[in-house]
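Note that the chains take the letters A, B, C and D in the order they are written out, and that residue 1 is the start of every chain.
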Amino acid sequence: MIKLLFFGRLGDVACDAPKLIEANTPAEIRDLLAADFPELGRQLREPQVLVSVNQMIVSWNQPLAAGSEVAFLPPVTGG
Amino acid sequence: MIKLLFFGRLGDVACDAPKLIEANTPAEIRDLLAADFPELGRQLREPQVLVSVNQMIVSWNQPLAAGSEVAFLPPVTGG
Amino acid sequence: MTVRIAIQREDFNLAEEYEWLRQISPAVGAVVTFSGLVRDFESTDGARNAIDSLSLQHYPGMTESLLQEIVDQAMQRWPLLGVTVIHRVGKLLPAEQIVFVGVASQHRAAAFEAAQCVMDYLKTRATFWKKVDQNGREHWVESKDSDQVARQRWAADD
Amino acid sequence: MTVRIAIQREDFNLAEEYEWLRQISPAVGAVVTFSGLVRDFESTDGARNAIDSLSLQHYPGMTESLLQEIVDQAMQRWPLLGVTVIHRVGKLLPAEQIVFVGVASQHRAAAFEAAQCVMDYLKTRATFWKKVDQNGREHWVESKDSDQVARQRWAADD
């Protein structure tokens, strides 16, 4: 299983989305989520949204190992 | 009479120099001082040394009014 | 080289942070501090809207690593003696302190540039998200293009 | 816009100066402070020589006007909410504070740039002179070319 995290405004639209999923890449997770949660899917496809695996920014096609932590990150606004 | 002030290292070499003088320009003061105090005269001629009249930086040929305050300023080193 | 990085709900004390930085070494000749405060309004499309509070969220673990990375880059680029980065999370009211960056160095140019560079990277890379509460209505803050531009000043190091 | 300029023998308190700057307006979003400290050595021709103390002389009256002029220029160039400049004179020991510049603004870029610009001008224009005491032998500090170069960064305003 892959653990999912949604930050910032993605957290609001991902309220009802699963927090554990089976998938081989972040892109596949995105497609699975988009099927059930169209607004979440739309926002995940915005080009500014980044994805991290085990807290490292990666490409959407990064292969996932079981137990990985995948986070979806809208543009940061700290400071 | 013109009041004279010497700052920084110029103060050390101007110890015995007069602090009141009669002159028409800062350049003339410099020449008068150089006649009696050659080391002071040499340092006043260094190109980095600035002169002020009544606390405004001026050219060496600025005409002086009686009662003016003329100060000789080596490069500043504050901060 | 001494580094202190903290992500915390509690407020910080500028005087304590400064004293810590200035005593790091007798070679310290310059200390630059930056403090970010919560303004009482948000500018949106040229309009100023009063705000009631901010809420800061972050990605625990990842944020700490990213801040360490930003500080490491600054240390490689400038001869620094000490760096402190503190970022608050949770609910913050107008006039409260959000973020602190402090840099100690022998000379002022390194301290100024490193502090500004750390802030520019923090703004665009560190995993913090800000939500604004305006009259009981909440919204997430949009990222600013000007922050991306500010970071690109230091892009030689990217 | 609020300005405080002081030339004094007494030490200053960074925390008090910071609190004064941050409360100037609820629009303050960024406060940058610079503190200059007496290092315990002087670098001359690549060699490091320990120092016992510094003595700071200035030209009373003229220095105040020049600092005001430097701050006025910064205010014209950046949207600032508050500026403080404090410079100490008299005898100072290693690790003591010499100079403080603090800037409050809505945004960080203005605060950083204005603080750095004020310091660069102060270093090259304000009428202060530093004497070093090394083991009972005194000498006046030479001005540094690097300070002239630093000031030229802001030369558009000259």
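Here is the rule we go by: a contact is a pair of C-beta atoms (placed from the backbone, for glycine too) under 8 Å apart; a residue touches a chain by one contact, two chains touch by 3 or more.
Small disclaimer: the values here were computed from a predicted structure and weren't measured.
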>> Does the complex stay in one piece without subunit C, or which separate groups appear?
In response: A | B, D
> What is the distance, in whole Å, between the centres of subunit C and subunit D, each centre taken as the mean of its C-alpha atoms?
Replying inline: 23
> If you average the CA atoms of subunit B and of subunit C, how far apart do the two points sit, in angstrom?
Replying inline: 49
>> Centroid from C-alpha atoms only, then distance subunit B to subunit D, rounded to Å. What do you get?
In response: 26
> So which bits of subunit B are touching at least two other chains?
Replying inline: 79
> Which subunit C residues sit where two or more other chains touch them?
Replying inline: 36, 108, 119
> When you check every pair of chains, which ones turn out to touch?
Replying inline: A-C, B-D, C-D
> Residues of subunit B touching subunit D in their complex?
Replying inline: 5, 7-9, 11-12, 48, 52, 55, 71, 73-79
>> Quick check on the complex: what are the subunit C residues that touch subunit A?
In response: 36, 56-59, 61-62, 65, 87, 98-99, 119, 122-131, 140-143
>> Going by the contact rule set out above, which residues of subunit D touch subunit C in the complex?
In response: 13-15, 18, 22-23, 26-41, 94-95, 106, 108-109, 111-112, 115-116, 119, 150
